[in-house]
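You will see two complexes here that share chain A, one where it goes with chain B and one where it goes with chain C.
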Partner chain A sequence: MFFQLLVGGIELGCVYALIALGFSLIYASSGLTTFAQGEMFMLGAFMIYTFFMMARLPFAISMLCTIVFMGFFGAAIEGGLISPLMKRGASGMNIVLATIAISTIMSNAAMLIWGAGSFNFPSIFGSKPIHIGSVYVTGQQIAIVVVSLLCMLLVHFFMTKTKLGIAMRAAAMDQTAASAVGINVPMTYALTWALACILAAVGGIMLAPIYNVYAKMGALVSSKGFAAAVVGGYGNMYGAMVGGLLLGIIETMSAGYISSSIKDIVCYVVLIAVMFIKPSGIFNGKVVN
Partner chain B sequence: MWLYKLSEKLKPFSWGFAILAVAVMALIPQVAANSAYLTFNLAMVCIYIIVTAGLDILFGYSGQISLGQAGFYAVGAYVSAMLSLYTSIPVLLCIFIGAFASSIIGGAFAYPASKLVHHFLSMTTIGFGEIARLVFLNGGKVTGGAVGLLNIPGLKIGPLNLSSKQTFYYFILILAVLVLIMKRNLINSRLGRSFIAIRENQDASAAFGINVPITRTVAFMISTFLAGLGGACYAHLVRFISPETFTFDLSSMFLIMLLLGGKGSTMGCVLGVFIMTFGMEALQSFGRYRMLIYGIILLVVLFVIPMGITGKLSDYIEEQKEKIKAGEAGGAEKEGGDRA
Partner chain C sequence: MNENILTVDHIVMQFGGLKALNDVSFNIERGEVHALIGPNGSGKTTMFNVISHVLEPTSGEVFLDGESLKKTKKYAVNRLGIARTFQHVSLFSNMTVEENIMCGRYSNTHQGILGAIFKTPAERREEEEIRQRARDEMKFVGLDDVADTKAKKLPYGDQRLLEIARALASDPKLLMLDEPAAGMNPSEKEHLGSLIRQVQAKGISVLIIEHDMKLAMSISQSVTVLDHGIRIAEGTPEEIQNNDKVIEAYLGKKV
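Entry: the complex of A and B
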């Protein structure tokens, strides 16, 4: 029972980690909080549904198309809405409200475009359970973990080893100094949003076969992703990854050992407890004055 | 120019206008056609004014954010409804016990949260709102689960029966007016000034001897008291509550009402509530497009009037005042030059 729940927890936790990574990247780069990560996750799932199920493209190409689309979409949201608002001197709170507006528009537009129903999406990596000792694991579950870990590794190498990633971190640390050495700071913001959207979309692609695809599916992960980022240490990349896994495991364990109606309450209690006791999380994010 | 001159001329009559507005509010249900529908919406306006006034004290004056007001609204509604259903406590008392319960929970929540900055406070309050909703949803028979509570009794004060929507409306209207007057007095008091001081600079206000965590907690308790009061009134107005009313969407709507009208002013929250309540009713006819249009309007508002309607107006009036002053100064100089 314990190991079976652990497998489920890791699977869910990997997706939370992808969402949390988006929250943390955006916060670290511009000090802003987005409430639209859940809807990016939803849009990712709908795009793969469109390319794979409706346009009948091969899965790899559909996934590539989705990722490219979501990258441009994230950059467009930043360039078209968020930075013009910032230029007009909007407060952090107004940006939060703007992202709430964006997520309302996205989920309702999705309902108008694709319909209000819930769509099945096939498991590409197999849904037949494989025995490993006393634990059942499906191919899809293994794929979720592998793809998520791969994404995290890619983000780690991108941010630490490539010139662009280092430029993004420099801009996050000190805007003025970064632009003085020739870094295009607005470009790094757009890139950060693009990256956050791609990560959320990958989460959506991987979870689509398990939870189906529907317009309100963003609610599954948005606040859990934020909670994961907080538990790990808000604004810290590695904290988001660890926090995501931890929250996924806590959620499935409380569903398994206590009751499934209590699992969401437990997640929010963990969020509030971390905020009250150690708001900087595991990896010391900056959350208090 | 005209706007500034008009605002200067009208200033001495502001109390008169307030009384006139309340009188019109009180008369509308008596004279309007289709009055049941209108009375219900006006009653909701009064409830929302109570909640938004509380949110204004919290956000507009003390600089703290809450995106979990729906949770406190729910606590007020459920506590008052359960007490009036399961005990023989008079409904009037139930309403205030509900508000106090919400306030106490708010205080217990706010004290440890008082050190958090904006985004984190907003996320923590969202967490509270969700916990409150889930607790009421999973409360079994006591809270009615997903169905909620039915047949909540109406208000009776002694021989006075205020249980119909028409009569209960007057009770809420009086409450809303009292809340607005008390808010105005609070802001001009020592406590209100310390809220503003903390909003402007925490370290400086601590240096002036203001106990920052306690004062922030007090602001939170006042605002959650009013949220609970609004919720309790809602429960006895509609006479039926279920967890699906008290979602995050309601919390964000309270905040949007405040920001649309303009935070930090009495007129602001009243205007915002009116526009949002009747605006949402008007959008009802758009059916499936309703929430989409709502989102787009919200974005446009954030772009065009980020400080809300009253914020925009007062900026405009200030600008004209400056112009007039500059004009007068220029004219005086010219006259002086002529004489010489």
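Entry: the complex of A and C
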């Protein structure tokens, strides 16, 4: 049973990690906290539903369209709302409120556009359990883990090996100095939001076959993703990855060994314990390595 | 070609009721080292921030090589040829020495995001060029043996040198140094003085704020003196050292 639960935990944890990564990237780059990550996850799921199920495009193209759309959507939220608010002297608290407003508007708008129902989304990678030793895994589960890990690897590569990623890290560490060496700091903010939205959307695309697609699905991952980012060390991208996996595994284990009604209690007790023992998180927070 | 690399034209910088800079004008000749001095609070760093576009002046204009910088975006000033260091060291503290200098070079590069992701041959060549340049600048300031050390782990004097190397990596026409010798010991100061002379020998003009008068006077060819946001004197180091107004500003009025 342990390994079966571990598989489920890693699967869930990978998606938490994608959401957490968005929280941490945005915080590291601008010191801001967004609470719209859950709705970005939801919109990602609805966009793939629209492209794949409604427009009947091939899956790979639907996925590409969703990712491109979500990238522009994230940049537009930053450029059209967050950065103008900051220019008018908004505080971090104002921005938190603005993102809560966005998330509510988004989930209600989704209900108006696509309806209040819950939509089935087929398992592209197969839902038939495959036997590996004593463990059953579905193709979809394997795909979730592979795609998520691939995303994390790409983020790591992008942030440490490409000019643009290094510029984003530089702007996060010191805005004034970044500007002085010719880095377009506002552009790095927009890019960070684009990246955060894409990561959340990938989570939505991958989980859609398991949880269906519906307007309130953001709640599945938003608070856990945030918790994972904090546990891992808020603002640290590697911490977000580890925190997400850890939370997913704890949640699945406690559901399996104790009871599924108690799993969230265990998760949040762990969160509080981490805050007591290591307030800066597993990795030290706000270190954009 | 313009005779002056930089022209500061009637700059006023007002913060609320305070005029931090009051109608300040001066020129920096191409190829010279120009010192900006004055007592604490006289507006030197404010002047730096106006020139490098961190601050937008209340009125007046700055010209680089005859071109007005008024419409230039903050981050684009570096691309036009102005690089600077900061009074309080501003490094990318979690990056290595080499990465910091590489960041300084990025504004001169052309390969875009797609090239970076797909690692095109052009991108690879450029990356190698940036790395080579970073190594050259490290060697120039004498940090080549700590290439992989994180910036925050460097001693203070070396952090100041790293800032200079990062600024030089962008091939500036004008290098602006804000109190580069602060916190340095006498031998470090001597090294800094010789570095600045070498920078000048490369044809780069330098504007320097410096409190160490011995250093400022020994490396500069002309000096502008600010006091309470007003330009009170300009001239060669010898003229400035014998200027009554300057002596008064530093030491108080003669009785």
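By definition in this document, the second predicted complex is superposed on the first by the 285 of 289 C-alpha atoms of A that agree within 3 Å, B and C clash if a C-alpha of one lies under 4 Å from a C-alpha of the other, contacts with A are read in each partner's own complex, and residues count from 1 in each chain.
As a working rule, contacts are C-beta pairs under 8 Å (C-beta built on N, C-alpha and C of every residue); 3 or more make two chains touch, one makes a residue touch a chain.
Predicted, not measured: the structure shown is a model, and the values here were computed from it.
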| item | value |
| --- | --- |
| Which of chain B and chain C A:Ile105 touches, first, second, both or neither | first |
| Which of chain B and chain C A:Ile132 touches, first, second, both or neither | neither |
| Which partner, chain B or chain C, touches more chain A residues | B |
| Contacts of A:Leu149 with chain B and chain C, given as first, second, both or neither | neither |
| Partner chain in contact with A:Ile113 - chain B first, chain C second, else both or neither | neither |
| Chain B versus chain C as contact partner of A:Leu64, first or second or both or neither | neither |
| Touched partner set for A:Ile258, first chain B, second chain C, both or neither | neither |
| Which of chain B and chain C A:Ala55 touches, first, second, both or neither | neither |
| Overlap of the chain B and chain C footprints on chain A, listed as residue numbers | 287-289 |
| Residues of chain A that touch chain C when the two form their complex | 158, 161-164, 166-167, 169-170, 173-174, 176-185, 287-289 |
| Residue ranges of chain A touching chain B (in the complex, touch as defined) | 27, 33, 81, 84-85, 88-94, 96-98, 100-102, 104-105, 108-109, 111-112, 223, 226-227, 230, 234, 261-262, 264-265, 268-269, 271-272, 275-276, 279, 287-289 |
| Partner chain A, residues of chain C touching it in the complex | 52, 54, 73-79, 83-84, 86, 90-95, 99, 102-104, 106-109, 111, 113, 116-117, 127, 166-167, 170 |
| Residues of chain B that touch chain A when the two form their complex | 65, 112-113, 115-120, 122-124, 126-128, 130-131, 134-135, 138, 202, 252, 255-256, 259, 288-289, 291-292, 294-296, 298-299, 302-303, 306 |
